[in-house]
Amino acid sequence: MKKIFLIMAMILLSQTVLFASSETAINAYAIDNMFLFLAAVLVLFMQSGFAMLEAGLNRSKNVVNILFKNFMDMSLGVILYYAIGYSLMYGNSYLGGWFGFAGFGISSVPPTPAAGALNPQVDWLFQVAFAATAATIVSGSVAGRMQFKSYLIYSIIITGLVYPISGFWKWGGGWLDALGFYDFAGSIVVHSVGGFAGLAGALVLGPRIGRFSRNGQVNAIPGHNLALAALGVFILWIGWYGFNPGSQLAITGADNTNAVMLIATNTTLAAAAGAVFSMLLAWSLYKKPDLTMALNGALAGLVGITANCDSVTNNEAIIIGLVAGILVVLGIKLLDNLKIDDPVGAWPVHGLCGIWGGIATGIFGPYSLTSQIIGSVVIPIWAFGTMYALFTFLKSLGILRVSEEDELRGLDISEHGEEAYSGFQIFTAE
Amino acid sequence: MKKIFLIMAMILLSQTVLFASSETAINAYAIDNMFLFLAAVLVLFMQSGFAMLEAGLNRSKNVVNILFKNFMDMSLGVILYYAIGYSLMYGNSYLGGWFGFAGFGISSVPPTPAAGALNPQVDWLFQVAFAATAATIVSGSVAGRMQFKSYLIYSIIITGLVYPISGFWKWGGGWLDALGFYDFAGSIVVHSVGGFAGLAGALVLGPRIGRFSRNGQVNAIPGHNLALAALGVFILWIGWYGFNPGSQLAITGADNTNAVMLIATNTTLAAAAGAVFSMLLAWSLYKKPDLTMALNGALAGLVGITANCDSVTNNEAIIIGLVAGILVVLGIKLLDNLKIDDPVGAWPVHGLCGIWGGIATGIFGPYSLTSQIIGSVVIPIWAFGTMYALFTFLKSLGILRVSEEDELRGLDISEHGEEAYSGFQIFTAE
Amino acid sequence: MKKIFLIMAMILLSQTVLFASSETAINAYAIDNMFLFLAAVLVLFMQSGFAMLEAGLNRSKNVVNILFKNFMDMSLGVILYYAIGYSLMYGNSYLGGWFGFAGFGISSVPPTPAAGALNPQVDWLFQVAFAATAATIVSGSVAGRMQFKSYLIYSIIITGLVYPISGFWKWGGGWLDALGFYDFAGSIVVHSVGGFAGLAGALVLGPRIGRFSRNGQVNAIPGHNLALAALGVFILWIGWYGFNPGSQLAITGADNTNAVMLIATNTTLAAAAGAVFSMLLAWSLYKKPDLTMALNGALAGLVGITANCDSVTNNEAIIIGLVAGILVVLGIKLLDNLKIDDPVGAWPVHGLCGIWGGIATGIFGPYSLTSQIIGSVVIPIWAFGTMYALFTFLKSLGILRVSEEDELRGLDISEHGEEAYSGFQIFTAE
Amino acid sequence: MKLIIAIVQPQELPAIKEALLRKKIHKFTVSNVLGRGMETPIHEIYRGIAHDIKLLKKVRIEIAVNDEYVDAAVDAICSVAKGVDEEEGRGKIFVLPIEQCIRIRTGETGPTAIG
Amino acid sequence: MKLIIAIVQPQELPAIKEALLRKKIHKFTVSNVLGRGMETPIHEIYRGIAHDIKLLKKVRIEIAVNDEYVDAAVDAICSVAKGVDEEEGRGKIFVLPIEQCIRIRTGETGPTAIG
Amino acid sequence: MKLIIAIVQPQELPAIKEALLRKKIHKFTVSNVLGRGMETPIHEIYRGIAHDIKLLKKVRIEIAVNDEYVDAAVDAICSVAKGVDEEEGRGKIFVLPIEQCIRIRTGETGPTAIG
C-alpha cells in the first residue's frame, strides 16, 4: 500500500516536474519569439529613418519621389520576399551552396515550443525587414534622376532575387558559410549589397545636372531639410537596436542574454565613435563642423559594427566606429574626385563601411581574415555586377533616366504630378 | 526512519517543484504583462502617426490646430477614459448587454500572477490607447473648419461615452459578443467608429471653402507637407504591431506565441498589399503614381486586417489588403462625387475598410457571416447616429464651424493666434 | 533494490527539479535584461524627441546648430559616460559618500543568471541614456547664441563629471541615499540637473538679441516649426515609457511586474493632466489655447511624476501632473518677468517641475518630506553652481557667445556654413 | 505702355484672375509680399507673450499693358477686390510708365510684345 | 507721386520701419529678395564641397509717396540703414515716377489715395 | 537711369547671371514670382483630383542701370534666356525710367550711385 502510494506520488510528482520543465520551455519560446518580433518591429522602423534621411538630403522638388521609392521598397519588398525571396535565401542548398530554394510563401507550421525555436512567421518578418533595408539603401544613390517605374523594377529584382541569393551564400548555409566567412548581422550581406547596388545605379545613371561643371568643378546640391535628415539618423540608430541585437535570434539562455547586451552596447559605442570622429575629421579638413558628415559618421559606425558586434570588446567597438567615421569622410571625397554622384552617400556609408565591417571581423574577431576578405569582396561584386547589368539594360530600353527637362523641374511634378510642400515658397533659383 | 526520511524528502521536493512551477507562472505573468505594456506603447505611438499624417495632408495654415486636436485626443482621452470610459466598456453587463458599468477609475488590485493574468493598470493602458485612436481618426475629417472648443467637446464625448458603449457590446461581453460577432482587434469596434463619426462631422460641417465650386467642379486642396504625411504612415504601420499582435493579450503558451507571430505577419502582408494595389489602381485611373493614395492604401490594408489577422492565412491576408487598397481609392472617389469633404480620407480608410474588415472576417475566417454583417452595420450606425446628433447640436448652438473669414485666414491664426511655420514664406495664393 | 531504485529516482527527479528551477532563473534573467534593454532603447529614442522639440521651438536659422548639439550630446555622451561617467556614478564610495569611482569602461563579466541580475552592458546602456538626457536638456536653454565648440566642452563636462557625481549621491548609494532621499527615476537626479544647468547657461549668456527691448518690453521669438515640436513631444512621451517603467530595473517577480504597470499608467495620467491643465490655464490667461503651452504641460507632468511614479496612486498621479501643468505656465511667465531667455522653457519644465516632482514624492509618497526637500535643493544647486562657473569661465575666455552679427545671421551659417532648409524662402524680416 | 502694380488681399487673387481674363488680360506676374497699411494687425500669442503681426500677407500683381487697357485692368481689379463691407486693407493700385518692353523669345519690342 | 524702392539688409527692417513711422510714412510693402552687389559672399560647406552663396538675402521695401515726402523717406531709410562701419552691401534706393494711384476700397485716385 | 525688370524661367538664372557679368553688370536683385502667360500649365493630381497649376514659377530680375547699359543688359538676357526651341513662356523684359538713385552707404546719388 505504502509503496504504491509512494510510487504514485512519485509519478505525479515527476509529471509535475516535467510539466514545470515544459512550461519553462514554453515561456522561453514566448520570450525568444517576442524578442525577435520586437527586433523585427525596430528594423521595420528603420524604413522611416531611411525615408526621412534620404528625403532630407535631397532637393525639395524630389521629395515625393524619394518617399514613394522608400515606401515601395517596403511594400513591394514584403510581397516579393514573401512570394519568393525568403525561400531562395533560406531554402535547401543546390549547386554546391550557390543556390537555395524551398517553395513559395512561408510555412505556417509552428515548431515544438522550446528556447530558441522560432515560429517561421516571425522569422520571415525579421528577415523581410533586412531585405527591405538592403533595397532602400539604393534609393538615395539614384535620387533625383531615375524614372519611377524603373525603380520599381529594380526594387522587385533586388528583394526577390539578388539579395536573397547572396544572402543564401552566407545566412542560408551556402558556400560562403561553409568557407568560414562570418557576418553577424549583415555589414556585407545587407549593407554592402545595398551600397554597391547603389554605386552601380549612380554610375550607370550618371550625375545629376549641375553636380559637376564642365570645367571639372564639383558643386554642392544641398539637402533641403536637415531636420528631417537628422530625425532619420536618430531613427536609424534606434532601429539598429533591432538589427544587431535581434540577429542573435534568441535571448533566453544566459549566453544569448549576455550576447544581446554586449551587442547593444557595442552598437552604441561604434555609432557614437563614428559620429564624433567623422565630425572631427571634417572639421579639420573643411574648417567647419558639418552636421551631415556627423550624421553619416554615426551610420558608418553602425554599418561597421554590424558584422562583428557580438565578437569584439567595447574598446574594439569604439575603434571600429572611429575608423568607419574616418572612412566615410574619405569615401565621400573619393566619389567627388571620381565624379560619381551619390546624393546621400550611400556607397561611403553602406558600401565602403560595410566592407570595413567585414574585414574588421577578421582583424578583431576570432575569424579567418582570408575568409573575411573573400566574403567582403565576392558579395559586393555580385551586387554591383548584377545591378550594373540591370541598370544598363533599363538604360538600353530608354526608361532609366528622366528627361533633362523633367529633372530640372523635379521628379515630383514630372513623375507624380504632386508636390511635397504645396504652398511653401521655394527658391527655384539660387 | 527511512520512510519518514523518504516522505520528508518528498515533501521538500514537491515544494521545490511547486515553487519552480509558481516561479514559472510568475515569469509568465511578467512576460504577458510586459508584452501588453510594450504593445500599449506602440499603440500610443500611433498618436504621433495620426498627428503627422493629418497635419501633412492639410494646408499649412491649419497645422497648429490639427496637431493640437490630436494631442488633446490623447490627453483628454486619457483623463476621460480613466474617469469613466474604461468602466463603461469593461463593466458588469446591464440592460441585456447594451450597457456596462464598474465604478470610476482603475482597480489597483493586481491579479494572482499567472500566464495570461493581466494587471488592470496595463490593461487600461492598452485600452486607452485604442480609445484615443478612435477619437483621433475624426480630427482629419473635420480639419480646417471646426471650432477648437467644439472639437474638445466632441473628443470628450467619444472617448467618455460613445466608443466605450459600443465597445462594451463586443469586447465588454455585451450583446454583439453574445451574438457571435467577432472583431479581433477593432476594424469595427475602433476604426469604423472613428471613420463614421468623422463622416458625420464632415457632413454636418459641410465642405471647406473652395473644395467644390458652385459649378459642380471638384477642386484639390493639396496637403502641405507630404514628408510629414509619409512619416505618419510609417509610424502608424509600426504602431499597428502593437494594435494587432497586442490584441492577443498574451504571448505565453505556445498557442498565444504562435498567434502573435501569425498576426504580425498577416498585418505586414495586408499593409503591403494595400499599398501596392491602391498605387496600381490610382496609377491606371489617373495616369500618375500618387503617393497619398499608396499611403492611404497601406492604412486601408491595416484597417481591413485588424478584425481577422488571427484567423486568416497569409494568402488571405494579402487578398484582404488588396481589396482594401482598391476600396480606399474608390471610396475617395465616392466622397468626391457625393461632394463630401473628408480632407484626409478618414472615412474611406477607417470607415469603409473597417466594414470590409468586419465582413472579411465572415468570408475568410470561421465566423458566421450574418453576425459579422450585423456587427459591421450596427456599430457604424451607432457611431454615425450619435455623432451626427452631437455635431448637429453643436451647430445649432452656433459653435461648430468657424467664420468664413477665420477659415480663409486659417485656424492657426484665428483659433490659436499661433502659426506653425513662423518665418517660412508660404504662398497665400495660387 | 526497490529502495535504491526509489532513491536514485528521487535524485534524478531532484536534479530535474533543480534544473527546471535554474532554467526558470535563466528565463527570468533573459526577461529582466530584455526589459531593461528595451527600456534603454526607448530612453535613447527620447534624444530624437528633444532634437525635434528644440529645433521646432527655435528660429529656422539655428536649426542645424540645435540638431548638431543634440546629436553630439548623445554621441559625446556615450563616449564620455563610457570612459569615466558610469564609473563615477556607480563606483565605490569615497569621501563619505560624496564621490564614487570604479575604474574606466564597463565590466564585461556577466552576473550569475537570476531574476533581477543585470548584465553590466545593459545597465550601462540604460544609464547612458539618462546621462544624455540630462545633457541635452540644456541645448534648448542656450539656443541661438552659444558657440558650438563651447557647447561641446559643456557637454563633455556634464556627462563626464557633473551629472555622474550628483547621480552618485543618490543612485550610486552616496550620502543623499543614506539620508533617505528618494528619486525613483530622476525628477531631481536627471531633470533638475539639466534644467538648472540650462538656467545657468541662459543667465551667463544673456538673452538673444531682440528678446527683451530696451524699454522693458518682452518680445516673442516664435518657433519655426510646430509640427516638429509636437512630434518631439509625442516621441518624448513615448520614450518616457522607458524612462519611468525601466527604472524599476526588473520586471520578473509579481511585485516588479505590478510596479512596472502602475508606473506606466501613472506616467500616462500625469502627462495627460499636465497637458490639459496647462492648456486650460494658458487659455484663461491669454484667451487663446496655445499649443506650445500644452506641449510643455505634458512634459511638465512627465517630469513631475518621474520621482514618484512607483509610490503614488492613480489619482495622485493626476494631481501631480495637474500641478506641474500649472507650474510650467507660471514658470515661463516668471522667466519673462526676470528677463531670462530660455528659448524652449527648459527650466520651467525640467528645473521647476523636477523640484516639484522631488517634493511631491515627500507629500504623496511614504518618504520623509525633509529628506526630499534637502535632495531637491542640493542637487539643483550643485548643477547650477558648477555650470555657472563653467559658463562664466568660457565667457572669460571669450568663446561662450557668438558675435552679434553671427547671431543675427543665424548659427547655421556662421557656425556651420550649412542651412537647414536650403531652397525654402524664409522671411528674413518681420 | 504701363506697369500696373496692384497690392491686394491674398484670398481675392482667384476672383481677380478671372476678372482680368474676362477683360482679355491674360498675362501677369504674381508675388507674395507683406504689407503695412491701415488694417488691424493680427494678434498672436506665443508662450504667453502677445505680439502683433503688423506686416500682413498680401499679394502683389504686376501687369504690363498697353495704355488703352489700363482702365479695364484697374476696373477689373477694383470691382472684385474692393470687398463687400468697406473694410480697411483692401489695397492699392499704382500705375507706372514703361519705356520699353521686350518679348525674350522673339526679340519683339514695343506694344505688340506686351500681350 | 513716386515709388521708392529700397533694397536693404534684412536685419535693418525693424529700425527702418520705425524711422518711416516717425516721418509719418505709415504705408509700405515689403518683400524678400536675393541681391547681388559688392558684399562678400557667404561661404558654405556641404559634405566637403565648398560653395559660395553670392545671392544674399535682402529686403525690398516699396513705398508710394507724394512728391513732398520723397526726401523724408529717403533720409529716414538712409539714416538707419547705412550702418555704423562703412561696410559694403548696405543697399540702394531707387525712385520711380508713378502716373496714377488708386485706393481699391474707395476708388479714390491721385495724391489723396496714396496714404 | 533705367530699371530693367526681366521675368524669366528659373533654370536660366545661372546663365543669365554669367551673361550679365560678362557685360560688366554686377549688381541686380532677384525674387521668386509666379507668372501667367502662354505657357502650358502643369498638370497635377492629388488624391484623384486633377488640377492645373497655371501660375508657374518664374524668376524676376531687377537691374538698375545707366542708360547706356540698357541695350547691353537686354541683349545679355535675351541671348541666353530665349532658349533653343522657340517654346512659349520664355518671359519678358520691361524697362522703366528711374528718377533718382541713392547708394545708402555713402549717400551718393545719381548715375554714379547705380553701380
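Going in written order, the chains are labelled A, B, C, D, E and F, and every chain counts its residues from 1.
Everything that follows uses one rule, which is that contacts are C-beta pairs under 8 Å (C-beta built on N, C-alpha and C of every residue); 3 or more make two chains touch, one makes a residue touch a chain.
The model shown is predicted, which means the values in this text are computed figures rather than measured ones.
Chains touching both chain B and chain F: A, D. Shared contacts of chain A and chain E, meaning chains that touch the two of them, come down to C, F.
The pairing of chain E with chain F is characterised as different-residue: of all residue numbers used at this interface, under half are used by both copies.
Computed centre separation for the pair chain D/chain F is 19 angstrom, with centres defined by C-alpha atoms. We define each chain's centre as the mean of its Cα atoms; on that basis chain A and chain D are separated by 53 Å. For chain E, residues that reach two or more other chains under the stated contact definition are 30-32, 34, 44-46, 55, 96-97.
Residue positions of chain C touching 2 or more other chains: 6, 10, 13, 17, 20, 24, 27, 31, 38, 222-223, 225, 288, 290, 292, 417-419, 421, 424-427, 430. Chain pairs that touch one another are A-B, A-C, A-E, A-F, B-C, B-D, B-F, C-D, C-E, D-E, D-F, E-F. Remark: chain B residues 2, 6, 9-10, 13, 16-17, 19-20, 23-24, 26-27, 29-31, 33-34, 37-38, 40-41, 44-45, 47-48, 51-52, 55, 63-64, 67-68, 70-72, 74-79, 82, 105-106, 108, 110, 113, 119, 121-122, 124-125, 128, 148, 225, 228, 415-425 touch chain C in the complex.
Per the touch definition, chain D reaches chain E in the complex via residues 2, 5-8, 31-38, 55, 58, 60, 70, 74, 77-78, 81-83, 86-88, 90-97.
Interface residues of chain C, counted against chain B in their complex, comprise 3, 6, 10, 13-14, 17-18, 20-21, 24-25, 27-28, 31, 35, 38, 42, 59-60, 222-227, 230-231, 233-235, 237-238, 241, 245, 251-254, 256-258, 260-262, 264-265, 268-269, 271-273, 275-276, 279, 288-292, 294-295, 298, 313-315, 318, 421, 424-427, 430. Contact residues on chain E toward chain D in their complex (touch as defined above): 1, 3, 17, 26-31, 62, 64, 96-107, 113-114.
Those residues of chain B whose C-beta lies close enough to touch chain F in the complex are 218-220, 222-223, 282, 285-288, 290, 292-293, 296, 329, 332-333, 336, 345, 427, 430.
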